[in-house]
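Below, chain A partners chain B and then partners chain C, in two separate complexes.
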Partner chain A sequence: MKPLPPATEHSRYIGQSVARPNALRLAEGRGTYVDDIELPRMVHVVYWRSPVAHARILKIDASFARMMPGVVTVVDGAEMAKICKPWVATLTHLAGMKSAPQYPLAIDRACWQGEPVVAIVANTRVEAEDALQYLVVEWEALPALIETETALDPDSPVIHGDLGDNLCFTRSLDTAGVDEAFANADAVAEVTFQFGRHTGVTLEPRCQISDYNPSDKRLTVHHSQQAPHMMQDLYSRQLGIPESHIRVICKDVGGSFGIKVHAYPDDFATVALSVMLERPVKFVADRLESFTSDIHARQHRVTGRIAANKTGEILAFEIDDLTGIGPYSMFPRTSAIEGNQVVNLVGGPYRHQQYRAKLNVVFQNKTPTCQYRGVGHPIACAVTEGLVDAVAQKLGMDPLAIRQQNVIRDDAYPMTATSGIKLEGLSHQQCLDKIALMMDYPALRAEQAELRKRGIYRGIGIAALIELTNPSAAFYGVGGARISAQDGATIRLEPTGAITVMVGVGEQGQGTEGIFAQIAADAVGVSMTSVRVVTGDTDVTPYGGGTWASRGAGIGGEAVLQAGLALQKNIVDVASVILKRHASELALVNDAIIEIATSHSLMPLAELGRIAYFRPDSLPAGFTAELMVTRHYAQRDYPFIFTNGVQASLVEVDVDTGFVKLLKHWVVEDCGRVINPMLVDEQMRGAVVQGIGGALFEECLYDDAGLLQNGNMADYLAPMAAEMPDIEVAHVETPTKTSQLGAKGAGEAGTAGAPAAIMNAINDALYPFNATVYSQPITPQKILRALGKV
Partner chain B sequence: MSSMENFSPTHLINVTVNGHVEQRSVQPRQHLIDFLRDDLGLKGSHVGCEHGVCGACTVKLDGQIVRGCLVLAVQADRKRVETIEGLTQSGAARALQAAFVRRNALQCGFCTPGMLAAALELVETKPNATRTEVREWISGNYCRCTGYQAIVDAICDVLAENAEAAK
Partner chain C sequence: MKAPAFDYVKPRLLADVFPLLQTYGDEARLLAGGQTLLATLNMRLSEPSVLIDLSAIAELRGITLVGSMLRIGAMVTHSEIEVSALVAQHAPLLPLAAPHIAHRAIRNLGTLGGSIAYADPAAEWPTCLLALDGVVIAKSATGERRIRSDDFIVDLYTTALLPGEIIIACEFPAASAGHWCDFDELSRRHGDYAIVGLAGAGQRSENTLTDLRLVFLGLGATPLRASRAEAIIDGQPLTNGLIDQAVSALKAEFSAVGDLTSDAATKMHLSGVLLKRMLMKQMRLKSA
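Presenting the complex of A and B:
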């Protein structure tokens, strides 16, 4: 691969696999996660949650609970509603979308198992849990709507009567020539795909400490969250506290993956309790309540069709997606986005001209779903790539060859894809060629054929994908959600020559602070050891959107670059005054002012800092050293900057047990400029494994009454080390021209492509048996059923 | 029911934690991990699931790794406990910590102290462990961020360093 020209004039760190400066602190157990924080007079809240899917709350008797030692208060939904307004999570650009008012604590009626109903606050967590055992809540079960398939039937119970039906959102898309394309096709394949519900399982559960100080009417919230400014805005609006009186602090966050980018009912309840009690209140979800109260994702049933002609040209895609989102659309990003993404993304890598999509997003009495790593991409990719393999099989074509034939050409950009999405610049052809070399595709196929003769069934699955990153305001802002599309960075030169970098995008383990340090060091011209990065504090950083939609590197990183370059210019101006040289003759390189012509060091940066801060009397009258600079960046050229990539999976299926062994996984990804190859590789690997989890293991299993059957770490199967393959990652770099840095997002593509690659590999392994499985997670039982063995 | 009932009978225990003797009164029902975090302020070990699956609370008890959420504090009476704080201070985990940082074998870091305790026991007791054995050994510790490969690489690095040093 030809290396890109450097992002800055004297590039030392950008593009290098530098270790994260903040990693050793965590490895030594010196992190500060929310539950590690103890504040004076802090009390602890636990929530009584609905034990059933749908119930009328008849009576709450807290008299015994209140008598328990250490109990401070017991609060129900009606009391809570006096200080915290309900919300309705819709976005205006999702036309016709509806949802019902939702309260911090359910009033009169609970709509899913796990919905918080009553808060018990005590001096310790143990005392609060003890008191919970003595809370008496009388309820009567209401008819529950569990299945999405019947949600729109006239005789199904309507969850929110005022809404008229159980339809949250519907959307159609039609390029008008679809029927004709299918009628004229030489081959048509139709598949119904099922995607199980799963959830994020952040190893650190959701948690916060809310600390309201009535003396200065200030609210401080320590939160394990991805979007501190968004939460500041929401607390302000729902509780009527001026936004300037609210500070949200997100120090170390123990995994997020989208789970921690939403505003949960218990978030508001905990804040309201601290306002009521005028003291700090800590809430830490335990693992069992995490399973029923963290957002779920991905419950979709998609029927898809693909048309191709006999030369292998893909002519059309058609999908019908039905997804269940729980009883409320989630605040404030809404639960219609995932389905909407599926409609936008199906067929994304390909040149077909015709596309029809139908989406129904329906309510049901299960845990609300919302954006989780990949958001719609894993579904769209599995549907697209499953259909491509299905039609290739009908045509007798090789899966790699049909993709190479049909992907959008690398020289065709910028262009608008058939679903209407705008693509700036992608590299499908380069990526496919590269992965074929990496995996030695012909040799693998030969080995597969040889092993089949011996009764060993291996499969090779390929998945091309596109991924939405660097979002503009098109995602949320235009729909009325106050979620910043712009982000900022402030960089300050310290008198010692060190720099402090404050950024609106925070760190949840991705290495965000590490790449910001790399970018800032290169942009300013200092060593990384001289860089300190501060994130996650609304009192300190510039206003920004935080971490979501793979925007940290592309949006936050560009703001850091621009701030760094501006600070460098200001520093050189100071040097010019001190040294009485023209600024054009000077540069800041390796922590020193140098003479460009000779590369001689003229002054260490620390000396410049000393003079500027402590001896400004020695500078000319009228000159002020501006040594703190803020720059902002918003991507405004495209709704989103898409990335692309391809993944391949090699599996072996035991046709007697249905067990799948993952032998190897390959990834070629194009996230534009790679700021830190090691960190991008690790984002890919971690995301691939989350995708594998959904493809093979993870599912929130409900019974007919809407009760979660496996809501614990033992029964919910998160991937473990022993069953995961080694994952080989390579890069193609097509930088975005929308920024100087040229970086696109890298955090979600792994999750987007893995389920499709795994599913295609399994079906490839099962090919000799004329058996297919399109229902994820692909369990041994489903494989044996497909083989007719159970 | 009387609100004056004693819900919190306690038990006096003596535990040597990271080399220091601690004498405390604890409730018999208190888990070791809560004793370490809440009573002693050792926040380096984390609580991930409280039912013995995730491994985030893994600590050493008399030299062997245990789940801090499956052992009661009273069971540690007259025993030695080592947490990430002690393993860091003594230098026992230093090579692993360096390899974890070098390989980026941690992202959010929440699982890392428990993962390191488990990895350390492997390095100490199975110096010839294969890559497959490393993967199996750490399968009692969930990591949701890394996908495990970098963790396996980091542990294998330390095994190789030790083997080289023993030559």
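Presenting the complex of A and C:
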């Protein structure tokens, strides 16, 4: 593969595996997470959360709790509602979507186990927890709706009477020729897939310090969050504080994965408490409450069908998706997006002409679900790729061959896929060819056949995928959500020749600040050691959307590039004035102004900085050095810039125990221009592991009453290193033409493809037994049942 | 969550523990490695008013051979057992089981006494204690008594220890010539409490096992001896048929208690697989 032309004229860092500057600080334990911050007069809040799935709150008696040492106040929903408005999380472009008003603290009725109802504020967290034990809340259980399957039955309890039923959103899509395609097909496969509810399990829990200063009426919120400007806007609107009086600071964030891009009821409650108390209030979710109050994701049941003809040509897909999202759509992104994505993405890599989809998004009395790493992709990919394998098996075709035959050709772009999504440029053919080489596919198949004879059952699973990145305003903005699709970067030359880069997209531990430093250094022409990056502060950075939908590199990175190039030009203009040379003869390379013709260094950047800042008197009249530049970027050419890739998994199934051993995982990924191969590879590996978690281990298990049974780190099985396979990663680079940088997102594709690859590998291993498992997480028990052993 | 406030004492002598237990009674809790206890305090599942830390008491440490018994002090950690040459020689089942207990960081703190006292039905040490026919040595203000493993664990998280009594050590019969033992378990993630596990011990002569004790963890409220399977295997040369009979007997003897992701049928099936594999391995070794 020929390397891409460089993104800037003198490229030193973009495309290199440079270590990220903030890694050492974090590794040495010198990060500043919210819980590290102690403010004067700060108090701590704990929330009394509903112990049951659905209850009427009859009486709250806080008299004993108030007597406990250190207690500052006890506040209920009604009192809270006086200063914070309720919200309804819908988007207008999701036609017909509905949800109910939600309050920071439940009033009268709690709708899921874990919903915050009463706030207790004390001088320390321990004192607040001590007082919590003396809070007396009388409640009466209401009928709870737990199963999605019965949510729309006429005799099921309706969670919000005003809405009429439990349907949040429904959508259908039909290309009109689906029935005909199925009728004329040589092979049809039908599968029902189940996807367990799971959650993000960030190492650092959700946490916040809200600090309201009544003297200047300013609110400062330290928050472990992905979208500081979005939160600034929401606090402003819900509490009626002018936006200009609110500062949201997100310094180090210990993992987010989408869990921290939502506005939680307790976020608003904590802010409201600090307004009431006129002092800083800290909230740090503990692990137990994280399990019932952090968003969950991915509870879907999808019935899918696929049609193909004898030659292996895929003709049509059809799906029916039912998903349960909890009692409220989550603010402000809504809980209908995940299902909507499934509809958009199923069949995404392929050339079939017919597609029908039906989606029902229903309410239930469980923790609300919302966007979590991969958003809909792991489901769409598992459904698509599971169906492709199922029909290949009916046709007696090899799984790799049927994909090679059916993927959209690499030269067919730009094009509109059958579901209506617009694809700018993908590389399925190259990726499939590459992974086949990486894994030595024919040799693996031969080995598999040989081992089967000896009673060893290995399986090979392949999953092609597309992934939505670099979103335009089509994602949220057009639906009325005040979520910024554009982002900005400001770069300032310091007198010493260093630069300071301020970006709206923040760091969550994935290395975003590192790639911004690389891009800025190359764009301006300075060494990376001279670059300082500042993110996560609404008082400081340009306005922007933050970190989500794999947009940091593609959107934030392009803004940095453009700001850097503009600053470079301004610096050269200053040099031209000082040196009395024409600007076109000069360049800024390696921290110095050089003469292009000879490459001779004419002036170190520090000298230029000194003159510009301290001796402006020596510059000609009428000339001003503009050494701080801001540029913004929004991707407006497509709704989304899709990436693609392929993953493969090799597993061994112990058919006596149902245990699965992950032997190896391969990834070929096309995220456009790779800015830092090391960081992209690690994003892939981490995301693959999260995908494996969903495929084999993670599930929020509820009992019949709607109580979470495994809400702790012992019983909720997060994937651990010991079970993980080696993950080999390779790249194909098809840069997007919508930006100069050409980068697409890379943070979620691993999670999108891994569950499908693992599931297909397990079913491939079980092939000799005519057994299949389509319910994730795939537990030993499910495999034993499929084998008829239990 | 944060633990509620408690007092903390750290006696240096065993003799000082008993008056403290007398004074505080139910309000006191012994603190060994803390790997179980501290989590229950942090979750406010237990609210003792005083913790008596046993870690400074030298009498509770040490691994020694006392006559024909291997004695391991209550405060000996899982890791110390895992690497002890004396244990490897005289109670080789223990180092086979040790790597399955949690993760190294937890094994560095967790203790034999704490694990035996807590009596988790899926824990490795109580299972091994039963398989090896060990003895728990309990001491109180009024004296010392020896409790046989068969009598020690009486129900879920419930032992024969009396109020005021603490475990000071466990003793295991030192392995003699012909000693046989094996350990295996199935857990979805390394270090988790297993779905099921099996500790086997006895005497081996050629292809025949005698004095056999087969103990399962994770099946019920306590570690369970598979007496019927033992009776079938004990004293008979191992054959495929005999092993199948033992597996059938096992399934007839117990009905397991399911957990969140493995129901009773799955657990019984997996127990059968563990038993069969352990005995087949033994048979293959002998015929090889």
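The rule is short, and it goes like this: the second predicted complex is superposed on the first by the 790 of 790 C-alpha atoms of A that agree within 3 Å, B and C clash if a C-alpha of one lies under 4 Å from a C-alpha of the other, contacts with A are read in each partner's own complex, and residues count from 1 in each chain.
Following the convention adopted for this analysis, a contact is a pair of C-beta atoms (placed from the backbone, for glycine too) under 8 Å apart; a residue touches a chain by one contact, two chains touch by 3 or more.
Values in this document were obtained by computation on a predicted structure and should not be read as measured data.
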{"item": "Partner chain in contact with A:Asp130 - chain B first, chain C second, else both or neither", "value": "both"}
{"item": "Partner chain in contact with A:Tyr33 - chain B first, chain C second, else both or neither", "value": "first"}
{"item": "Superposed model, chain A: greater residue contact from chain B or chain C", "value": "B"}
{"item": "Which superposed partner A:Gln448 touches (first chain B, second chain C, both, neither)", "value": "neither"}
{"item": "Partner chain in contact with A:Gly255 - chain B first, chain C second, else both or neither", "value": "first"}
{"item": "Which of chain B and chain C A:Met720 touches, first, second, both or neither", "value": "both"}
{"item": "Partner chain(s) touched by A:Gln709 [first = chain B, second = chain C, both, neither]", "value": "second"}
{"item": "Touching partner for A:Asp286 - first (chain B), second (chain C), both, neither", "value": "both"}
{"item": "First, second, both or neither for A:Gln510, with chain B first and chain C second", "value": "first"}
{"item": "Which superposed partner A:Gln225 touches (first chain B, second chain C, both, neither)", "value": "neither"}
{"item": "Residues of chain A contacting chain B in one complex and chain C in the other", "value": "126, 130, 286, 714, 719-720, 722-723"}
{"item": "List of chain B residues in touch with chain A within their complex", "value": "1, 3, 7-8, 27, 30, 37, 43-51, 53-54, 56, 83-85, 88, 97, 100-104, 106-113, 116, 132, 134-136, 138-139, 141-152"}
{"item": "Residues of chain A that touch chain B when the two form their complex", "value": "19-20, 23-24, 26-33, 35-36, 64, 67-69, 126-127, 130, 134, 200-205, 252-257, 286-287, 508-511, 678-679, 682, 685-690, 712-714, 718-724, 726-727"}
{"item": "Residues of chain A that touch chain C when the two form their complex", "value": "125-126, 129-130, 133, 286, 288, 656-659, 697, 701, 709-710, 714-715, 717, 719-720, 722-723, 779-781, 784, 789-790"}
{"item": "Complex interface listing, chain C residues touching chain A", "value": "1-5, 43-44, 186, 188-193, 195, 260-263, 265-266, 269-270, 273, 277"}
